[in-house]
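You will see subunit A twice below: alongside subunit B first, and alongside subunit C after that.
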Partner chain A sequence: MFSYNFKYELKLLLRSRWIQLLSIILLLLFGFSTFNGLQKVEKRKKDIRAAYVEVQENDEKMLKLLDSVERGMEVSVPRWTIPTSPMAVGNYHPRVAAMEPQSMAFIATGQADLFTHYVKPKVSGNDFAMNFAEMTSPVQLLFGSFDLAFVIIYLLPLLIIAFSYDILSAERESGSLRLLAAQPIKIHTWVLQKLGLRFFWLTLLVVCSLTLVFLVTGLNPLGQLGVFFGLLLLTLGYMLFWFSLAFLVNLGVGNSARNAVMLLGLWVAFVLLAPSLLNQMGNTLYPMPSRTLMINEMRNLKAEVTERQDEILDNFLRDHPEYAINDTTQFRGFYHRYMASQRLIKEELSPIVDAYEAQLKERQDWVDQFKWISPAVIVQESLNQMAGTSTQDYENFRKQVVRFAVGWREHFMPFLYNNKNFTQEDYPQLPKFQYETKAYASFATVPILFLISVGLFTIGFLFSGKTKKGELLTSS
Partner chain B sequence: MISKTFLKETKELLREGRVRIAFVVVILLLGVSVWISARQYENVNQQYEIAKTAERAIWDNQGEKNPHSAAHYGTYAFKPKYPLSLVDQGVDKYAGSSIFLEAHNRNEAQFSAATDQTGLARFGDLTPDFILLFIIPLFIILLGYNSFTKEREMGTLTLLKSQGISSWKWMLGKWAALFLPIFCITALLFLIAGFLLNGLENFGVFSWSSLFTLFLVYIAYYIVFTNLVLLISAKTKKSGISLVISLCVWIIACLAAPKAASNIAETKHPYPTRQEFAANVLKDRREGVDGHNPWSKEAKLLEVRVLQEYGVDSLHQLPFNFDAYRMQKGEEHEAEVYLKHYNHLKNQYSKQTQVYRGLAAISPYLPTRFLSMSIAHTDYATHWDFADAAEDYRVATQKFLNDNFAENSNYGDWGYRADASFWKSLPIFEYDPPELDFILSENFSNILILAFWIASSFGLLILFTKTI
Partner chain C sequence: MIITNNLSKNYGGQTALDSLNLSVKTGEIYCLLGANGAGKTTTINLLLGFIEPSSGSAFINQLNVHENPKATKRFLAYIPENLMLYPSLSALENLDYFSGIAGKKISASDLEVFLNEAGLQPEAFNKRISTFSKGMRQKVGIAIALAKEAKVLLLDEPTSGLDPKASNEFGLLLQKLRNKGVATLMATHDLFRAKEVATHIGIMKDGNLKQQLVASDITLQELEKAYLQTMEYKALAL
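Now for the complex of A and B:
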């Protein structure tokens, strides 16, 4: 029976042009979205490269200036930007702290359009005031991006629905169900076989078109075999979930249109409503403290600190004698006071800043618990993690940058408090930023996704076992 | 004939379980989303009021200080939330809400809500605009996909034809039956929103006429969808096929086209990165007067010019403090540089807008989205307008402070302190969003596109139902 089913199903799909149509649609969708993703990644790489080049050019100028100053020549730049002053180097010659895209960054835009991929921390200024938001038109952020993740999460289920909503109902509507009932096969086994075959063909098409698109756009899927298979398995798991829903709805046997409405309702619920409901609830349960009120607090603190600058500097030097160990001049200028008070502001503000981090983390944890109510959420998160564009990735980057900024500042503190000039010999010792990628992607979600689908299939089997063929034929 | 068809269709809809369930779900969703938005609105505005007064108090109580130190100390401009954001949140989530106003620098609005949220936020929020723009069109499809196909499937088409029915009257009856429930839901939502807003305190610039215009925009959007769904139903043979095609139209119009438009717009007319932008500004700033650098070539030129103008031969003889004067000139140069670079951004954005308008030909969603956001004061243009107003205020504040410095001290007198009561005399930052008339004239092309959609979909509908 299975081999007959296989043969007729293939003939049917080919003659109704479903396979041809699906291949074209899939190729177009995958192609367009991959192209979009690659363009974004290309721009990201280009921007970072340009930033490095700029720093290099500036450094050459700086070294020339240093050379001239050390030889006692006149230089024609503003006094406070002459790089013999350590603060001038720290402020006007910052390093690039960049987050290079990961190899699969093109599959999901994730938070990449929201956050910047490189910053240049300076010695002055506050770490928490560093702006990590990218300069993007908010309209673009609102609409989102046509990336591979969008195709997989939103569109693929719709293709599956269109492909499988009328498996049983069409037979009845065309009258062939009676013929089928005469065959020695259980109805649900037959539906399962038919759906299984459709799943098989769609899988084949998805795998082939994805591989083809990857090859055409110059990506070698064999190069990153692990991630590529991860992507495929995740997609298949998600597809299987939708096929299992289609199985359940098909066994319910309404008419074709009613099935389609039912499946669509599920699509709206899982893909549109559940995620936004979850997000809204997260926001309500774990509200962010107001940023505007944080500004007020920061300002009050600054006002207070500015008034006691001298006192703060004295206290600071008493606490940190190591910074001024070789100072013979005892000269105290603007930056000596400024850096000491900045430090104090940072210490006093850190509880407020930590409150944001803690709240965001709690929210993330809460979402992690409930993400299982919708496979769309799971797949979105997994795809973002594979692409290295998830919220966690940017948080990780932010933390590394803040750590680097602290190091950058610390590097210049002994120069400042010892009133020591920055020289050409000190240049190679300047700290450099190296982003350390942390892999957040875990493939544990894939088997769970498969398990959910298998569970749904089993439910369908158990409940439909009771339906008799006769009921199917007579019920409307 | 029209009324008979209308009554019959309405009765049929009311009897069907799926319609009742969907109706309850839509109403429920709308209720929840309005409630959430109203709460959020009150919350944000409360914080806004607190922050605004607190910030002003900080500014007023600076004590004796050099005006230029005060300029560096700066102040903040906070963006209020407007009443109609209750209906459409627009880009508010992605645009910052506070701008730091300081000497020498124009800062971007900081702290957008989206940066403080998890990745889930990118799926969208459960807000009234989400229901109005996405779910109600789906509801129209659900109600109307089988409007004509069922007559074929049940065989009633032949009966109807034998009655000598005029096809346009028949169509109009069906149209009215499909449109009425949608009209009722929308009207109900807008009435509730109106009374809610009227009841809220500090509702500011809320006007019933804006709300009514917004209502009209959505009604126009639904008319287009109603026409399209009926058109598809009239031209297909099976209900299932009609549903699938209607759905494709919905996906393309509401999901795919906006995303594709955003990708194309970005690739064709990209924004610089934040760092690039800052570097470009810095480069241009170096070419003019820097208030803090009396030794630069530009500063020397300014010196010569001013001395000539006043017919004196030393800066000490000038009737004002030249340091402050130079500071002001530097400020003016910097403001000009920022204006140039921000205009470039705006230029890029207006080019991006062209892309969106172009793709509106395949998506009635796009003009509706833009119109709705504009009327609700939650669009990008209003954000620009606010940022520009804040910048104007910043420039005026700098002049105010530098003038005080220049008039009340002598050249080289950096020890000058302005009186503690001086700060209070700085005018308060006020911002009024653009009026409805202005918004409508700015969005004329969107209105035109939407009108074109209505006209052409009606035309096609009448043309095709004739031959059913």
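Now for the complex of A and C:
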């Protein structure tokens, strides 16, 4: 039966123009979403490049100023910005801490809409209050990004539904099912073969369209075979899940209209409702402590600490006798007090920050635990991880930036407390930020998706074993 | 070839078929006559295994239909009132598909022989079914039965809606199959065609087989009279 189904299913699909239509739709969707994704990545790269250029230009000015000052020349800039002061360098000539987009960043916007991709930590800045949030259009956030992930997660299931909702019901409604049922075949096996063949053709179209789109847009799938293969497997696993639902609905529900409504209902439930519910429940069970409150707390603490800056500085120097010993001038100005109190603020704020992060982690753990209720959620997460735009990636970036900010500050402390000028010779030693990517992508999602699908197919078989053929032939 | 033993079917207390005992041997054409709701289609559905009997049993080629649903279907061909084939496939392709999924691998030239034997014009072989009349579709149905080498043919009102010429051609095809030893059970309202093609005629009413007649023993008028009497219609109709 399979060879005949294979031969004639293709003929039927070609003659009903399904294959042609799907090819065009997939090419357009994949093409546009890839183009869109690449545009976003390009903008991100451009912004980062511009930030580096700005730093380079500032550095050139700084070196010229240093040269002039070191030669004893007058300079016409405000006193507090003269780069011989380490604090002036630390504050007015920060480095760029950038998160360069990964090679597959275009497949999923992920958190990229919400977070900035570079910051310039200053020596007197607050690490905790560093702003990673990107200014984003609320309309853009409402509708999401038209990227490959959107096409795969939201639109591909709709194509599968249109392609498979009436496999059995159309035969029943046209009357050909009675003739089929009079042949020595099992109807559920026949439906499975038809669905299997449609899955095969759709898979072929998806693989061809994606490869073509990648090649046209200048991406070499062979150059990143692992990621490309991972992307394909994930997409196929997700497609198989929707085909398994179509199998169940075809066997269980009835006429074409009801099948379509049922499958669209499942689409709404899995793709729209489940992620939203999960998010809402996460918010309710583990509400995020307010960032504004945290900043207020920080300001109160600062005000309180400002009043006892002299005492704090004395304590600090007692803890760091090396600064007191090496400095012959014993000059103590605003920044000496300020930087010492910053350390205290950091120590005192750490319980609040820890609580904030613990709550964030608990919420993330809770979401991780229940994300399996919807394959759309796990596929979105996996695609974000592949693209390097997942929550974990941005958290990794944030942690590296905070570490770098501490390093940047620490680099200037000996200059400050030893009352040592910053010179041209010190310039090459300035710390540089290098973002280290971590691979969060896990292919565990793929076998799980396949297992869920196989489970649903098995349920379909068990169910069809109990369904009387008469019901299949007559129910509506 | 076709045997039913006290075959009954109830739908929630409503009797659709009541203890039907029937036998159609090789080379016989048995026509079941009866008004709508008499139980003719229920009988065919039971023989096809589409529905489960409430009691009794049905046999095709000595195999119990409900115990061996797949095996019995190897021996039978079925033509419903409206034979719906795949409209975007040609006659040859439909024949190839249905005989193929029934487990018969047949060469293209042999498929043409079957279509020819079924009376389809050669120029129609490669035309899409969507352009076919009902009579032409019925011929493809007969070709499927020939290709399957069916021993049993089940027909559910196959001539309704056919013009007299097409109906006559269909009758001739049944005779051809009869000569090949096929046992045919045909549910019909068409008394004239039943008298023309049948070897045996059964008249059903309210799920019961009321009368069984040998077609050669009676005239069309006698058949009509017997039918109307069974249906308890007024003799005025005569």
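As a convention for this text, the second predicted complex is superposed on the first by the 463 of 476 C-alpha atoms of A that agree within 3 Å, B and C clash if a C-alpha of one lies under 4 Å from a C-alpha of the other, contacts with A are read in each partner's own complex, and residues count from 1 in each chain.
Assume a contact is a pair of C-beta atoms (placed from the backbone, for glycine too) under 8 Å apart; a residue touches a chain by one contact, two chains touch by 3 or more.
Because the structure is predicted, anything quoted here is derived from the model rather than measured.
Peer 1: Output check: A:K43 vs subunit B and subunit C. Expected answer is one of first, second, both, neither. What do you get?
Peer 2: A:K43 contacts subunit B only, not subunit C.
Peer 1: A:Q369 in the overlay: touching subunit B, subunit C, both, or neither? Say first, second, both or neither.
Peer 2: So A:Q369 meets neither subunit B nor subunit C here.
Peer 1: Of the partners subunit B and subunit C, which touch A:Q434 in the superposed model: first, second, both, neither?
Peer 2: It touches nothing on subunit B or subunit C.
Peer 1: Could you tell me if A:Q183 is touching subunit B, subunit C, both of them or neither one (first, second, both, neither)?
Peer 2: In the superposition, A:Q183 touches subunit C alone.
Peer 1: One more residue to check, A:Y8. First (subunit B), second (subunit C), both or neither?
Peer 2: Only subunit C; A:Y8 stays clear of subunit B.
Peer 1: Quick check for you: in the superposed arrangement, does A:G175 touch first (subunit B), second (subunit C), both or neither?
Peer 2: second
Peer 1: Figure out whether A:S16 sits in contact with subunit B (first) or subunit C (second), or with both, or with neither.
Peer 2: second
Peer 1: Who wins on subunit A residues touched, subunit B or subunit C?
Peer 2: B
Peer 1: Where on subunit A do the contacts with subunit B and the contacts with subunit C coincide?
Peer 2: On subunit A, the subunit B and subunit C contacts do not overlap at all.
Peer 1: Would you tell me which residues of subunit C are touching subunit A in their complex?
Peer 2: Counting only subunit C, the residues touching subunit A are 45, 48-52, 69-71, 73-74, 76-78, 80, 82-86, 88-89, 93, 96-98, 100-103, 141, 154.
Peer 1: Which bits of subunit A are touching subunit B when the two form their complex?
Peer 2: These residues of subunit A touch subunit B: 32, 36, 39-40, 43, 47, 50-51, 54, 78-79, 110-111, 114-120, 131-146, 150, 154-155, 158, 162, 165-166, 170, 255-258, 260-261, 264-265, 268, 272-273, 275-280, 282-284, 288, 290-293, 295-296, 299-300, 302-303, 306, 356, 360, 363-364, 367, 376-377, 380-381, 384, 390-391.
Peer 1: In the complex of these two chains, what residues of subunit A are touching subunit C?
Peer 2: Residues 1, 3-5, 7-8, 11-12, 15-16, 174-176, 178-186, 190, 468-470, 473.
Peer 1: Could you list, by residue number, the parts of subunit B that touch subunit A in their complex?
Peer 2: Per the touch definition, subunit B meets subunit A at residues 18, 22, 29, 36, 47-48, 50-51, 54-55, 58, 62, 73, 76, 78, 90-91, 93-98, 108, 110-126, 130, 134-135, 138, 142, 145-146, 238-240, 243-244, 247, 251, 255-256, 258-263, 265-267, 270-277, 279, 290, 292-293, 295-296, 345, 349, 352, 356, 380, 383.
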